[in-house]
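Structures are listed in the sections that come next.
Below, chain A partners chain B and then partners chain C, in two separate complexes.
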Partner chain A sequence: MKRAALVVLLLAALAFPAVFTLPFPRHVMIMIFLYGSLAVAWNILAGYCGQISLGHAVFFGIGAYTSTLLVARAGVSPWLGMLAGAVLAVIVSQAVGFPVFRLRGHYFAIATIAVGEIVQTLFINWDWAGGARGVFVPIRRPDSFVNFQFNESKAVYYYIALGLLLLGLAVTRRLEGSRPGYYFRAIREDQEAAASLGVHVAREKLRAMALSAALTALGGTFYAQYLLFIDPEAVFPLSLSILICLVSVLGGVGTLWGPVVGAAVLVPLSEYTRVWLGGTGKALDLVIYGALIVLVAVAQPSGLVGLARRLGRRSPPGQ
Partner chain B sequence: MGLVYALIAAGLSLIFGLMELVNFAHGEFLMVAMYVTFFAWSLAHLDPVVALPLAALALAGLGWAVYHGIIRWVLGGPMLAQVFATFGLAVLLRAGAQFVWGVDFRVVKDPWLAGRVSLGGVFVGLPQLAASALALAAFVALWWFLARTETGLALMATAQDRQAAALMGIDTQRMFALGWAIGSACVGVAGGLLAMFYYVFPEVGGVFALIAYVTVALGGFGNVPATLLAGVLVGLVEVFAGLLISPAMKYAVVFLLYLAVVLWRPLGLFGRF
Partner chain C sequence: MLEVSGLDVLLGDYQALWGARLAVERGEMVALLGPNGSGKSTLMNSVSGLLRPRAGAITFEGEPIAGLPAHRIVGRGIAHVLERRRLFPYLSVRQNVWLGGYHAAARGAREAEYQRVAELFPIVAARAGQPAHTLSGGEQQMVAIARGLMARPRLLMIDEPFLGLAPQVVAHLTEAIRRINRDGVTLLFIEQNVELALSIAARGYVLESGRTVVDGRSAELLRSPEVRRIFLGG
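So, the complex of A and B:
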């Protein structure tokens, strides 16, 4: 039954671009997939392993900058750049994680903010990488798969983004039933207890971080190729780091589908309020957005998936 | 500057020590305080110095309202819910400010304190100097309140052990609300001081809030006197990094300092287990 629902959902997702040919609905869906996949990646580290990072934009930016600089300065295909970005993000995540994982709770969260701010400042002042002005991805025509540019239709981007999301979900799914997945959750629940049972806490945290960073970097490259322009303000800001976890939190932290549900609710909300109410310079869309976040945090801290579960428990099927 | 940072951070530290909760809307509280000061000047022609108690009072009210309206309800929840309640509040306040007051940069023109004075050959802006002195005074007042009055001691007792304090007949709910009011009042004073020589705009809280988190974590969460030292340290590092390396990199250096310190002492310079 549940499997059938998933198949229907997947088919609907695959058929979507055939039904909706206008750019805007497709754009909204692409953004849902992109933020969904970022939130899924963040969820591996924060939801399962309990390490709340507020600096994930670093990995997103590394993914975006690596592929973009490679294609703009050396003409390397962004697909290779995507891989390179993921590898680089993993290296950086290990270098950052090694010291920072000694910290806990708020100290860890603030240290990740600090790392994010340092990296953003470095990129703003790094002239070779475009500095504060950012970098353009050189436009190539006609569209080709090698160039990772599809200027004629958003459909291809749509499927790539969907693929990223499915990849993230598949990784999470495998993790849930695997040995590292159990280690991660043990660390989240009680680090000392996990350590006393023989879990190598530092190594498992780094492993979670590496997975999370690599998946986030893939999203970064996709973003760069989708917009064809990046600057430090767009790919490294603290607000992006927070948005990523917000999506997870709204949906439900530490659950497989939570981040997807969160993205499916939050992204259309922010895109449509932006279109309807934005542009007046009055930021009414952000007023609503902020109020909503407070409301969710106060009323439903376990997220929408938690809410659904509770409702499901209240009325079990067949009664 | 460091003293103003310290005062902003002290409010944050007080709230954290009391209930282990980081207020991510702290920078926006600062922004509100600056607007209060600005409008006191533009509508009622009150100089920022005169409006200081007003800003402190307004912010204390805001802190009290936020505690009763939002924080009370998420206090028992997971850490993430607390982070997002205050973060959402931050977005709400910032966007609200933009909605009501627009994005223009505003400046208090011709405050009483202006110009500069020479201190042993080094020129210092008079508003900055006065701000430092007043921030220090506010800090001493805060310390005196916490360490020498009965209410202050009750507050500290609640911070140490909620349940024990409740058993001793301290109304912890009232103490929490009071903590929010006082912590916010600190920001109110800091905002009023900053408004004398800094632009007022909806996004102003951002960078100050980041510095405040680092300052608090540097000193050790919940330790108010340590926050003062950490604030001065951050201010000095910022100035020297701006002078010796490059102004664009000064915040990066401050954050780097923080990382270096917490690696050496994971609970901050003066943190204890």
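So, the complex of A and C:
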């Protein structure tokens, strides 16, 4: 039953661009997939391993900047840039994680905010990387897969974003049943107890961070190629790190589908309020986010997925 | 098998152990006694690598292990069941127990080891799918010991196994611990109740304010005026 529902969902996702040919609905779906995949990546470190990061924009920005600078300054295909960005994000994640993982709980989260702010400031003042003005991805015509640029139709971007999300979900799914996945959860639940059982806590945390950073960086490259312009304000802000966290929290932290559900609720909310209310409704989406988060925290800390599970259990058997 | 000498351990600025000593022979069952705050848990945590001693020696099977990280010490054959059991509350009983068999030396034999501990503690099999926090205190303690055994230790250290348990559960747990010991696992455990501890263990060490003040065979300790003074005052 569940498997059938997933197949239907996947087919619907695949058929969506054929039915909705206007750019806007496709754009909303692309954003759902992108934020969904970022939240899925964040969830590996925060949801499964219990290390709440509020600096994930760093990895997103590294993904965006690596591929963009490589294509703008050296003409390297953004696909290679995407890989390079992921590798670089892993390296940075280990360099950052090594000292920062000495901190726990709130202090870890605060330190990741500081790291995010430092990196953003560095990029604002780094002239070769475009400084505060940002970098344009050079426009290449006609559309080609090698160039990772599709200016005539959003459909290709749509499928790439869907692919990123599916990749993140596949990694999470594998993790759930695997040894590292258990170690991550053990660390989340009780770090000392995990250590006393011989779990190499420091190494497992770094592992979770590496995986999470790499997946986040892939999303960064996608974002750069989709908008064809990036600047530090767009890819390194604290608000992005927080948004990634909110999406997961709303949907359900530490669950496979939570981040996707969260993105499917929050992204359309933000995109549509922006369209309906225009300039006058600025940041209204954030007000609604805030209210939703308060609601989730008070009524159902395990998020929408937890809520669905609870309702599912209440329904009579056989349904 | 295990030898601790001259152990100084600091918790922040506070020195919790002052030259503490302890020795456990292979196959023995030894109790570590002492009033609240005397440093029993600190001593055990230092042996298992959760704390780093400032000075002193810890050797296990002839090899120095002081200052090794916890995950390396588990690999040497020491398992530590923490005070208050410290199960992973939202993981199932089976997942909790399974996680005990992390180390390379234990990994291959996990299925067999799981069967063995499930036979020793039927509660593990009976409650396999249930989240650990839904178990009673006694059941949780059994799961915690089962989890420790999954590492296939030669020395099992248990910090206050009987804490807060009903007398009947204590009797049951005692029987299980004796059996583990008979099966060849050396045991060191912490207990506040002197009579109970010394009725189970063959020997005991008494800590007071971070120092090892008395040790000896259980019968001697029970008669010792020094032990009486420490635990009853006067």
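Quick note on the criterion: the second predicted complex is superposed on the first by the 310 of 319 C-alpha atoms of A that agree within 3 Å, B and C clash if a C-alpha of one lies under 4 Å from a C-alpha of the other, contacts with A are read in each partner's own complex, and residues count from 1 in each chain.
The rule is simple: a residue touches a chain if its C-beta (ideal position, glycine included) is under 8 Å from a C-beta of that chain, and two chains touch if they have at least 3 such contacts.
The structure presented is a predicted model; accordingly, all values stated were derived computationally and were not measured.
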**Request:** Tell me which partner A:Glu189 touches in the superposition: chain B (first), chain C (second), both or neither.
**Result:** second
**Which of chain B and chain C A:Leu197 touches, first, second, both or neither** = second
**Prompt:** After superposition on the shared chain, which partner residues are touched by A:Ala297: those of chain B (first), chain C (second), both, or neither?
**Reply:** first
**Item:** Touching partner for A:Val287 - first (chain B), second (chain C), both, neither
**Value:** first
**Prompt:** Is chain A touched at more residues by chain B or by chain C?
**Reply:** B
**Request:** Would you sort A:Leu218 into first (chain B), second (chain C), both or neither based on which partner it touches?
**Result:** neither
**Asked** For A:Ile110, is the partner it touches chain B (first), chain C (second), both, or none of the two (neither)?
**Response** first
**Message:** For a test of understanding, state which residues of chain C touch chain A in their complex under the given definition.
**Reply:** 48, 50, 69-71, 73-75, 79-82, 86-91, 95, 98-100, 102-103, 147-148, 151
**Complete:** The chain A residues in contact with chain C across the complex are 182-183, 185-186, 189-190, 192-201
**Message:** For a test of understanding, state which residues of chain B touch chain A in their complex under the given definition.
**Reply:** 16, 20, 22, 70, 73-74, 77-85, 87-96, 98-99, 102-103, 202, 210, 213-214, 217, 221, 246, 248-249, 251-252, 255-256, 258-259, 262-263, 266-268
**Message:** Taking the touch rule as given, give the residues of chain A at its contact with chain B in the complex, in rising order.
**Reply:** 52, 99-100, 102-107, 109-111, 113-115, 117-118, 121-122, 124-125, 238, 242, 245-246, 249, 253, 281-287, 289-298, 301-302
